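I have a structure I would like to understand better, so I am pasting it below and will then ask my questions one at a time.
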Amino acid sequence: MKKLINSIDNVENEMIQGLVKAYPSYLKKLDCGNVVVRANKKEGKVALISGGGSGHEPAHAGYVGEGMLDAAVAGAVFTSPTPDQILEGIKAIATDAGVLMVVKNYTGDVMNFEMAGEMAEEEGISVKQVIVNDDVAVQDSLYTVGRRGVAGTVLVHKIAGAMAETGACLDDVQAVAQKVIDNVRTMGAAIAPCTVPASGKPGFDLSEDEMEVGIGIHGEPGTHREKIRPADEVTDLLLDKILSDIDYTDSEVAVMINGAGATPLMELFIINNHVADVLKEKGIKVYETFVGEYMTSIEMQGFSISILKLDDQLKKLLSAKADTPAFKVL
Amino acid sequence: MVDNKKIIEILHSIATVIEENNSFLTELDNVIGDGDHGINMARGFTEVEKKMDTLADKDIGAILKSVGMTLVSTVGGASGPLYGTAFMKAGTAIGAKTDMTIDDFIAGLNAAIDGVKMRGHSTTEEKTMLDAMVPALNAMKDTISAGQRDTSLVLSTGVAAAKSGVEHTKDLIATKGRASYLGERSLGHQDPGATSFTLILETICNNL
Amino acid sequence: MKKLINSIDNVENEMIQGLVKAYPSYLKKLDCGNVVVRANKKEGKVALISGGGSGHEPAHAGYVGEGMLDAAVAGAVFTSPTPDQILEGIKAIATDAGVLMVVKNYTGDVMNFEMAGEMAEEEGISVKQVIVNDDVAVQDSLYTVGRRGVAGTVLVHKIAGAMAETGACLDDVQAVAQKVIDNVRTMGAAIAPCTVPASGKPGFDLSEDEMEVGIGIHGEPGTHREKIRPADEVTDLLLDKILSDIDYTDSEVAVMINGAGATPLMELFIINNHVADVLKEKGIKVYETFVGEYMTSIEMQGFSISILKLDDQLKKLLSAKADTPAFKVL
Amino acid sequence: MVDNKKIIEILHSIATVIEENNSFLTELDNVIGDGDHGINMARGFTEVEKKMDTLADKDIGAILKSVGMTLVSTVGGASGPLYGTAFMKAGTAIGAKTDMTIDDFIAGLNAAIDGVKMRGHSTTEEKTMLDAMVPALNAMKDTISAGQRDTSLVLSTGVAAAKSGVEHTKDLIATKGRASYLGERSLGHQDPGATSFTLILETICNNL
């Protein structure tokens, strides 16, 4: 394991401190652990909290700020934060308008946020949640835990955050967050694994000519493994699955080409070149594109494509002002 | 069966065993999960170790509840709320005793299982820790029904059943937890949580 | 070489097209090659052009937009663009106020931009240039080509771009660009190399426990090679060199922690955690921090630290509005 | 010495040799530069090849100027403007002839060197292409001064001198180009540009 870190035990802590020190006008860290809140609490609006394991930077703490989140809770690398941490975050940001928890659909995250939500409700804070499950690589069925929450989560933050900023009530913010979830689908692929510092070993092995299709953001296996192919063909593989999951015909969409951490922007742009062509050919109109690192997997080499189907409300909220360290809309 | 002093001793042993099996459990989780189960459990039990001195004089229920709370607030992931709830529920079931019987133990495990099922919205045959816990509980109940009350012997039938439960998880397609994303690709691999539970039960058995 | 590309020959071309397709409201590509200009030409101000070899994404095309560049010219990977390409860019953006070329100090870049400038002057366009040379890893002397231009170039774009936007004349825009150059110093280190697609082989070799200190953004060797150390110590190595090159005592600074392409944000934040502490201890006040990928080296694993000494003018221009795909200030 | 048909033939051979030595030159540049010299030169001469048909009837000066312009507009990097300027200046010096003598060749190389020095703000002993070009020119002039006018023979003394020039670059600390960033670490390695010039001169010599 070759990493620019100090000690394995302090990775999460030093990272969060380094982030807050970089953006003190945006962010503040609570004393109780790796909980990041806005430097200036905004009253009179629904407060948004999200979080999950560390290792997905800039998610989620990079999205704390005007027009997006009010708090982000960072667990150990790839491990959901604990209920007491989440509860501290909720208490720090709670307003009379209530708190919305944006949770990625992993058993651990769901259970820990659920416990925190129960504890907050006991303290008289009204808390609602949405569960993001945009990863079409895994099957959604009544008999499984359903799809994973991946990069689409960032679009939920953006749009629900913008809605909250308008002063909308908790039910309405929850509803629009759920609308994003219902309309966004994502799939990824990886050509090289990442290494959780505490484990010291790559999360999976791929030989020099292999890729994992449908990879999860923690390196979880996807739909299958096959020989690596030209970027356009890999892109087609993912797009096919995404576009056949919801009917995008004639719709306007937002596109996110997300880098897994070690994939150069050069490759992400090459991928977008093909995504843009395919969507155009299919008559799907791209309203907005985001290319970059939004929901990473430490230093995994790979990418994901997210496509969000938009209506007028979502378009307006997507284009609303956002001012956070990692996501800005002027 | 055991008093509160012994419980503390057993918890120390569990912490040691978890630490020793950190890489093994992580390795298992690498295959069908995200490669952190050993790390998570070790992080939790290291914290439990640190709190142990302050628990020495407490009753068994209080000790177990405190262990549960520590696990909930330090483990994270899926296993944190699950093991945390399990220990807390067991503590509540056993109550403010300083000495417990094999029946108390059975009642505690029973409550722990209910807690895991409730928190995890899960049941057996889903390739989770329940597939070691439930067979272990049933085997011990059967042993007792058959008239056996020697704790070591009862426990050892539980351990044996947990171990076959772990083996059985290899034949299951996961439908809960992270391994469920794998679908059929989860076949052939044993569940990390079922394995860690079995290690814990075995440590209890060995320390009686 | 494991990369998400299609054909080696089309890397630069598909990348630029993918970029322009992602941000059509910001960018337009000229027909004559990989030259990117603002979607809407801004008249009545000095026009800024920069460029260089590809492989440094988002530099430079990602910085085309309001408050920064008017054009960016992309050569082959790690190879300066050619004079005719640069000339097309100059002609497309030239206004009566003139054109400033922001050139990184590499023989190739300097010569190609120089030739383009001469050609543009012959066509009656007034052109000036600045040469960015912020890399303290290499010696600056009268008898060498001097220091390399690296991540500090982005701060030159930002500040000179903001100055141009105020309507300042060519001399004044050039002067403030030069002021940034005079006051910014950078140094980097790498723990793993990158691979130029056309070469197919890593640009250098490092063993599992080695790092290259003072690495260039094309993988050029630095000051020396040594055993990898904890992040804080690597950071100290670089900071020492930077801080002893200009007198930063009691000054306010901007800090840029730049990822080389494959270094996870997690590690960049850990590095910033220490940078912030050291600067604080030395009484140097951080006015603004930028952490992310600004001037990459394809998928190199490493980072650089840039420190720019500020005065009131530079502070104001640094904080002025910028709206480009890769750099936004609200 | 050679007519414009022969020049075209020689340029084809140069293009082939450059392509054959693409990896070799790139490898040399990897050590003390950025690992693209062979790639750059090959990209340029591939374009030159493409334009060759349209040049067949032109005079030697026009052919060389066109090659120079093609190199300037396709090679990029340091070698693009330098080799481009070199060919353009040589073309201007030789002028609108369809046949050239050894004196024309010497005049052309002389102008090329001046062009490189002007464009590169450089001179000999700086570990660049000039450290092959200048010794080659001097050796050929000496041979001619000594009364030899056989073109092959004159050229071969130039090639020999260029080759020792390349060897000599190993003993030089680079002060121009990308290798200069290395300071003393550039010692012991031969300069890619000096090497590519020598390959070109050798190809001309072999094709006479």
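Note that the chains are named A, B, C and D in the order they appear, and that numbering of residues resets to 1 at the start of each chain.
Please note the rule applied: a contact is a pair of C-beta atoms (placed from the backbone, for glycine too) under 8 Å apart; a residue touches a chain by one contact, two chains touch by 3 or more.
Quick caveat, the model's predicted, so the values are computed rather than measured.
Chains touching both subunit B and subunit D: none.
Separation between the centroids of subunit A and subunit C, computed from CA atoms only, is 29 Å. Separating the CA-averaged centres of subunit B and subunit C is a span of 55 Å. Rounded to whole angstrom, the centroid-to-centroid distance between subunit A and subunit B, based on C-alpha atoms, equals 32 Å.
Taken as a contact graph, the chains are arranged in an open line, each linked only to its neighbours along the path. A list of each chain pair in contact follows: A-B, A-C, C-D. Put simply, subunit C touches subunit A in their complex at residues 2-7, 11, 14-19, 21-23, 54-55, 57-58, 62, 191-192, 194, 208-209, 228, 230-232, 234, 255, 257, 261-274, 276-277, 289-293, 296, 298-299, 301, 303, 321, 323, 328, 330. For subunit B in complex with subunit A, the residues that touch the partner chain are 26, 30, 33-36, 39-40, 43, 72-82, 119-120, 175-178, 180-183, 185.
Considering their complex, residues 53, 75-85, 106-108, 111-112, 115, 137-139, 143-145, 148, 196, 198-199, 201, 203-204, 216, 218-221 of subunit C touch subunit D.
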